[in-house]
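One structure follows; several queries about it will come next.
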Amino acid sequence: MTTATASLGMERSPPVDQTAGKRIPTGSALYNEVLEFFYDEAALLDQQRFDAWAALLAEDLSYTAPLRITRQGPDRLNTVVRTTLHYDDDYSSMMGRLQRLATKSAWAEDPPSRTRRFITNLRLWEGAKPQEWEAETYLFLSRSRYEQSQLQILSCARRDLLRRSGSGFKLVRREIILDQSVLGMANLAVFL
Amino acid sequence: MTTATASLGMERSPPVDQTAGKRIPTGSALYNEVLEFFYDEAALLDQQRFDAWAALLAEDLSYTAPLRITRQGPDRLNTVVRTTLHYDDDYSSMMGRLQRLATKSAWAEDPPSRTRRFITNLRLWEGAKPQEWEAETYLFLSRSRYEQSQLQILSCARRDLLRRSGSGFKLVRREIILDQSVLGMANLAVFL
Amino acid sequence: MTTATASLGMERSPPVDQTAGKRIPTGSALYNEVLEFFYDEAALLDQQRFDAWAALLAEDLSYTAPLRITRQGPDRLNTVVRTTLHYDDDYSSMMGRLQRLATKSAWAEDPPSRTRRFITNLRLWEGAKPQEWEAETYLFLSRSRYEQSQLQILSCARRDLLRRSGSGFKLVRREIILDQSVLGMANLAVFL
Amino acid sequence: MLIESKPILSDGTPIADLINLETREVSMRLLSDHEVYKLEMERIFSKTWLLLGHETEIPNSGDYVVRDMGEDQVIVSRDRKGEVYVLLNICPHRGMRVCMAETGNAQMHRCVYHGWAFRPDGSFIGAPIEREQMHGNIFAKEDLGLKRARVQLYGGLIFATWNIEGPSLEEFLGDSKFYFDLLFCRTDGGLEALGPPQKFIVPANWKAAAEQSASDGFHTLTLHRSLMETGQYGRATADDIYANAPAMYGVDISCRQGHSLRCIPAEVTFTMFMSMDELKKLSPDQRLEVLPPPGITKEMLPELKRHMSPEGLKLMAKAPPQVGGMFPNVLVLFIYAPRTDGKYSGALALHTYVPRGPDHVEFTNWIFAEKSATPEMKRDMMANAVRQAGTSGTIEQDDSDTWPHMSRNARGAMGRTQTMKYGALLGEKKPADWPGGGYVYDGFTKDDTQWNWWLYYRELMTAKG
Amino acid sequence: MLIESKPILSDGTPIADLINLETREVSMRLLSDHEVYKLEMERIFSKTWLLLGHETEIPNSGDYVVRDMGEDQVIVSRDRKGEVYVLLNICPHRGMRVCMAETGNAQMHRCVYHGWAFRPDGSFIGAPIEREQMHGNIFAKEDLGLKRARVQLYGGLIFATWNIEGPSLEEFLGDSKFYFDLLFCRTDGGLEALGPPQKFIVPANWKAAAEQSASDGFHTLTLHRSLMETGQYGRATADDIYANAPAMYGVDISCRQGHSLRCIPAEVTFTMFMSMDELKKLSPDQRLEVLPPPGITKEMLPELKRHMSPEGLKLMAKAPPQVGGMFPNVLVLFIYAPRTDGKYSGALALHTYVPRGPDHVEFTNWIFAEKSATPEMKRDMMANAVRQAGTSGTIEQDDSDTWPHMSRNARGAMGRTQTMKYGALLGEKKPADWPGGGYVYDGFTKDDTQWNWWLYYRELMTAKG
Amino acid sequence: MLIESKPILSDGTPIADLINLETREVSMRLLSDHEVYKLEMERIFSKTWLLLGHETEIPNSGDYVVRDMGEDQVIVSRDRKGEVYVLLNICPHRGMRVCMAETGNAQMHRCVYHGWAFRPDGSFIGAPIEREQMHGNIFAKEDLGLKRARVQLYGGLIFATWNIEGPSLEEFLGDSKFYFDLLFCRTDGGLEALGPPQKFIVPANWKAAAEQSASDGFHTLTLHRSLMETGQYGRATADDIYANAPAMYGVDISCRQGHSLRCIPAEVTFTMFMSMDELKKLSPDQRLEVLPPPGITKEMLPELKRHMSPEGLKLMAKAPPQVGGMFPNVLVLFIYAPRTDGKYSGALALHTYVPRGPDHVEFTNWIFAEKSATPEMKRDMMANAVRQAGTSGTIEQDDSDTWPHMSRNARGAMGRTQTMKYGALLGEKKPADWPGGGYVYDGFTKDDTQWNWWLYYRELMTAKG
């Protein structure tokens, strides 16, 4: 990597399995609990039940979506850009977004998109702290607005940190690794 | 909701978790059985083994696909239309459809579409009656016909009622919640 | 089937459940292990960690992708063509492909595609030999290259033979049943 | 001002030459050419009456639905006085879409871009910050309303046109109106749209669908053969479908304006559950009792009789119009529908084939019942219609898989020089005592009505601006 | 040689007629017509100065980024001498793309097709197998370099044009340069691009976005109303937004070349945390202390003062330019940004709206801070900008959902004959002691600046080749 | 009647000017222009001979495959007498597609729309309900068959053209036929298509692929460099690839009609497993024994010798034609293929690049072996070909990722004015005792053959109708 590009913040996202703790076996009780959490979360977002979704967010939330960038040669896998982001939110700014969505004039999503969040490929590890887990999921988003007969689609991986909270979990960190350098949607007015 | 639109039958589909019985934990034995049922069902449809698929249908079957409609303002989530439907079938009419597919001239699917039904996000609850369960799955359909190089795609949720039958299940009710107001396919000659 | 088309090698792929051994229940310990194998494999490919992926391949590997072809009438389900293939590799040729990808000039994937392999619908059976299993998965591939704002997509089923190897598995056979007669991508420079 | 293009294509071909009056051939090029398409939007979809919906979709003051006139989106709304208005859904300020929803109820449509507001009749209320007169001082408020189309209701169906000075809807329907009256104006309550229409996109030129809607009866025998194989239509078996040719004989009607209907002898349906001999003994009235027209029940017969002339009634008893079309893009499907209990019921549907560029068409499918039908019957008729027509209908799923091939074929260098042929003509022939006018074709259903459709298409496409 | 088309469309309509100088109307057809689009690529995007990035994106010798001038892709690179070059990313051999990555560092760009190699200044190095002279013997090596655009830097921003003999960037910026200086040239270090730009595609004609960028202040009240409802902009409540009309009064400026800016009284922001009475007691200097211009901190004020004339400084204290645009496709957003801690910070962003055919535009969004800002402040400003502008920004997600509707509306046969109206004119009016030139509009923000945009568009589109 | 357009584009540019004979430049505009594309479909794809498949794909009476001549779909079928017919897959009735499958066996093709039926030779059988004469009375049955193309078989390869009166296939192949004979007509059984072709869509203009097929040997060194890095082609290492320039020297041949082949000295392959000194000791016959031409085994040499002249045989021993193309859209790949066991085998493939609009091309890839090869060898040759060519081939996956960039570059306002250059000319030079005709270029592979391709393209595109 040249100094230039390093300073511009393009890097290879280290695979979760190389940075996280012990693997939580697929299909184990904890794994299934987490899987259920993600399915339920997807349902809340697809049903636009934002209040219930907000209750899943930890107050030390970090919610980001780095850019992806096309590189060639030795740096070709350093495609994740964290200097500029597509989402760059904390708990308080996220509450601001949800407050806006509750107004009578959040036009970007009124009429709302009809969305479907397909969650697959969950992989789970222990986090650095007790009662925290690193989870990677793949998300395929299908989004339909107005009379569009072609679905808008988007694929990404999500690298989440979950924390046990009562009988459920809170989302502490979500980093969304998008697959496109140029997004094919007019906005990201929907959460991923 | 204004009287006008109420009378036109547009409503918000109440989330399954608010109408169904006790949640069946993700990854539990029963859950896994149901998941297997859906995977097997998808395989039967993708392989056009309609006789075997027919054997999964209960005789009191209800198989429907409401319209979705774009709304704005306070009614914006009342997008499910059950007055007009894209599918509106019972067991007997479904048998009629299958009988037609078995003729030598059901052109809409001869040549057959090459389909793939991706099933994800299964969530499961007890039904109102014993040995019945409410299941929600997300379905992503990929469909290829003739020399089309662009896949036809469709996303939806399915809200099913399953009933125990011997060592397996029967499909008693399926409601398909499509994500588009204007479908992007020339027909729904394939089952969802 | 007429002699002509039989001799041209077009056939109906017999459903795995009719050729394989005993079903391994969905959600069983073994099933979960295999599911984890596929999720990990997808992650390796999506992260372009080809060395690690190579370690998953058995030395008696068969890796093929038949053509699909549009038929009508009584032969309409005989759509799998194994005379011509889109992939036709053994272990040694696969190593050649990986060796090429490690050069400084494998342009077809340098810049690399940003891919996401969604794995769903895993079904599992005992294989003909001990410690071998027949697995069917559905794969939805999303692929983004350069500044393309439209995702390239591809759907297929994979019929794999896995063999126990230490604490993991080796991929012994993969047959990729594509859903298109005319592929919508400029090449298959990515593994499925 | 409407942009007028001359009916000569840029390679020098006059549009008129693409429809050969001698050989009754229509050039495939019409199904793919971009210039032709643009002309159609101007000369047909901006000029003729277009079906947009039914007034039962917007029963109350302020109710609206958003629909399409060609590629122009319009608001179909009802104002406080109960009048129906059709308004271009384009803000006169900067061209933003005004109504964002497909349906709703509002006494004021406020554009979300800069807030200009309009009444359900399209009139301009004003821009925000009244004192600043943000609508400017060049145009008066009266000139800043939403563009209004001319509207006419018929049997509750809402028609509109941009052709303000052109023929009335009655004139446009011409001789076919007598027959359409038998379908749309037959009870006290009239028809009711049972819900919003199904909508889906077919990758085909709109005329691939429309030329068929002009009463192509013949395709049923082959394209919809599966339904005969399963015994759903007539008693033919797989082997004798062509020999029996069910529903092929009847009376087709059409008129100069390209509309048409097929009056199909009820025998076809009767013989599903009684013998010809039994049938012959029945008087027209008895026939109506045993097998009322599609969508009508025994209970509704008195109403029916009040709304129809004796001649019309006889026609409904013997050979009710069941399928047909209205120029340019409406399919009429008021058919007997076999039920799984062995009885016959009805399925009433209207489609519009809305152009979406030269290569796509939006299939819009309304389903109807008589307003006075029982809830059970309405429910039954919805199911009947959905199972046979539209998105998943076992009849029409074959049609929508057919049209894209025609469209694709019309794109090739060789393909676009090929022709569609309309040379099988029956010729006008009126049965004795035939009650209606127009062009009447008694016998085997042939190409007459479809050829009339193309003649009117040609007339409009080559008319002097 | 650039292909020159005459400004008359194939149906005979002169482009000039689509912008009516009398009634200040612009035909919707301009938002969808394919011929117009082609002309724009030749007469605008091949002729004017275009913003491509900032030099801090390519700090080192050999650094490059790949960007777009209209639909032509270019390499923006820095050579060994530190010069910035803009080069058509097309191999002179067989037209292959030369740089495959979006960014990187290279002293030699070798085309992967046949291996022709070029320096960062575009000059041709040679083809492989030197002895075989595979570049041929018709053209000299000097003639085989990558095609160079004319480049000019301004405040670190990289502009380029294919118009080699045309006006300089200064001439092109004209009277608006005084104001842009206040934004781009105010500290010793200058601006810094905090990273590569966000990029996403909006299914709209580029002018739907661009005409708004010409300082359409009025749409904020309605389209961005949600932000006022949540109290993010001014103390208005949902009910009195229109009564309060926050940020509507100020001074808009523009010039013949279509650039513009809105100088919005800092009162709007001040009154979020102090009363009008308190505010009135403050001197300009004190105002700058309490609320420095967006992106500037108290610590940076001495720098600011060094870079600005006293008049400029006063303007920054009282009504700093916050939003505006540069013809043809740049949006400037240097705004106060409310923070969740109740304080005000800044968000600095520039967008380009890159045409992608008549129906699509690529939204490119750079985010900036002053180079001398602390890392924390840069981090804060990135977050501010991302939350309000671009892909997921709560302001601009409304905009990008709006433009596609305008574009779609412009496609219909009726829709393309409708017009966008610019009749609400404030008229030129300079406040006393106004320090800058250009056209100055003091008062309620109206259509003046946008109309000027269209006038310059018209000038270019109808200019003699 | 074929629609004839004049070879002048609507902006006044003559097509002829886009190929500069002086400077040997070809305008990039040809890779993106829609009018040019339309002309190509008429002047090239409706006029020249096109490769559609191989007769071993349809061995039996009634067998058919569906293929493409430009954008026109055709049925390639074998009738009862064993004759091969090529028929437009468009129903003369209403333009529906007749054969819905890609392949099958049928003695009657019945259109699913209205049931018109046709024989494998295209002749019309009739419409359903014979008595009603639903084909009308304007055209005789003989006039209602499927439109027939002119067909010629060559080495089992099926060629067809719409140019009924034009040159024969032999005339069209011209001087290149001598060389193609060496590939296609060398055994008793002839070639066998091992299965249906691979098909996939590349988002590029068809000519981006086609101009390369005209024996662009030079790109191999750079674009396919990875294969040399891995040591798959020649003993070059990553560092000396350009110094070694493997396979660059040889004899390229072409002819007026734009066909071409590269005769590559077998040395390149030999030296993978024997020294130059050893090699020099071998007689031509011994060379054939050690390294038979691609696809031929030692066992098949007697056959080979029967089918070839001694001169041809010598050529096959020393420098067999391995890659090349046939105008307009065929790539020939009859190459030595390295095997993982260190030996050399062959991979025989033919591609057609079927136009799918100006911006897309369908890559069709047939894989062959000699019919007399053993099953093991056929299996081996399939694997060889699949691993190197087509969808996943490690050679050609680089090519199909390249062409889209050229196409994209040709769309920009500046890009479309750029040129592709063919100035590196070797000049005609025949080695001593060269057995064949045509234009012969001995030496380093240069632009000659590709330039000839464009000259013939220009000839056809500017020919008088």
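Note that the chains take the letters A, B, C, D, E and F in the order they are written out, and that residue 1 is the start of every chain.
Methods note: contacts are C-beta pairs under 8 Å (C-beta built on N, C-alpha and C of every residue); 3 or more make two chains touch, one makes a residue touch a chain.
All values derive from a computational prediction rather than experimental measurement.
For the interfaces B-F and C-F, the C-beta contact count is higher for C-F. Here the CA centre of chain C is 47 Å from the CA centre of chain E. Look at where the CA atoms of chain A average out and do the same for chain C: the two points lie 28 Å apart. The set of chain F residues that touch two or more partner chains comprises 10, 100-102, 112, 199-201, 222-223, 362, 402. Shared contact sites, meaning residues of chain A that touch two or more other chains, fall at 27, 70-73, 76, 104-105, 107, 110-111, 118, 120, 140, 145-147, 149, 153, 181-184.
Listed by label, the pairs of touching chains are A-B, A-C, A-D, A-E, B-C, B-D, B-F, C-E, C-F, D-E, D-F, E-F. The residues of chain A lying in touch with chain E in their complex are 2-5, 7-10, 65, 67, 69-73, 75-76, 81, 83-90, 92-93, 96-97, 99-100, 103-109, 145, 181-189.
Within the complex formed with chain F, the residues of chain E that make contact are 1-3, 5, 10, 38, 41-42, 45-46, 69-73, 88-90, 92-97, 100, 110-115, 127-129, 132-139, 144, 147, 162. On the chain F side of its complex with chain E, the touching residues are 10-11, 13, 23-24, 28-29, 31, 211, 218-219, 221-223, 242, 245, 248, 402, 405-406, 408-425, 444, 446-447. On the chain A side of its complex with chain D, the touching residues are 105, 107, 110-111, 146-147, 149. Within the complex formed with chain C, the residues of chain E that make contact are 100-102, 112, 199-201, 362.
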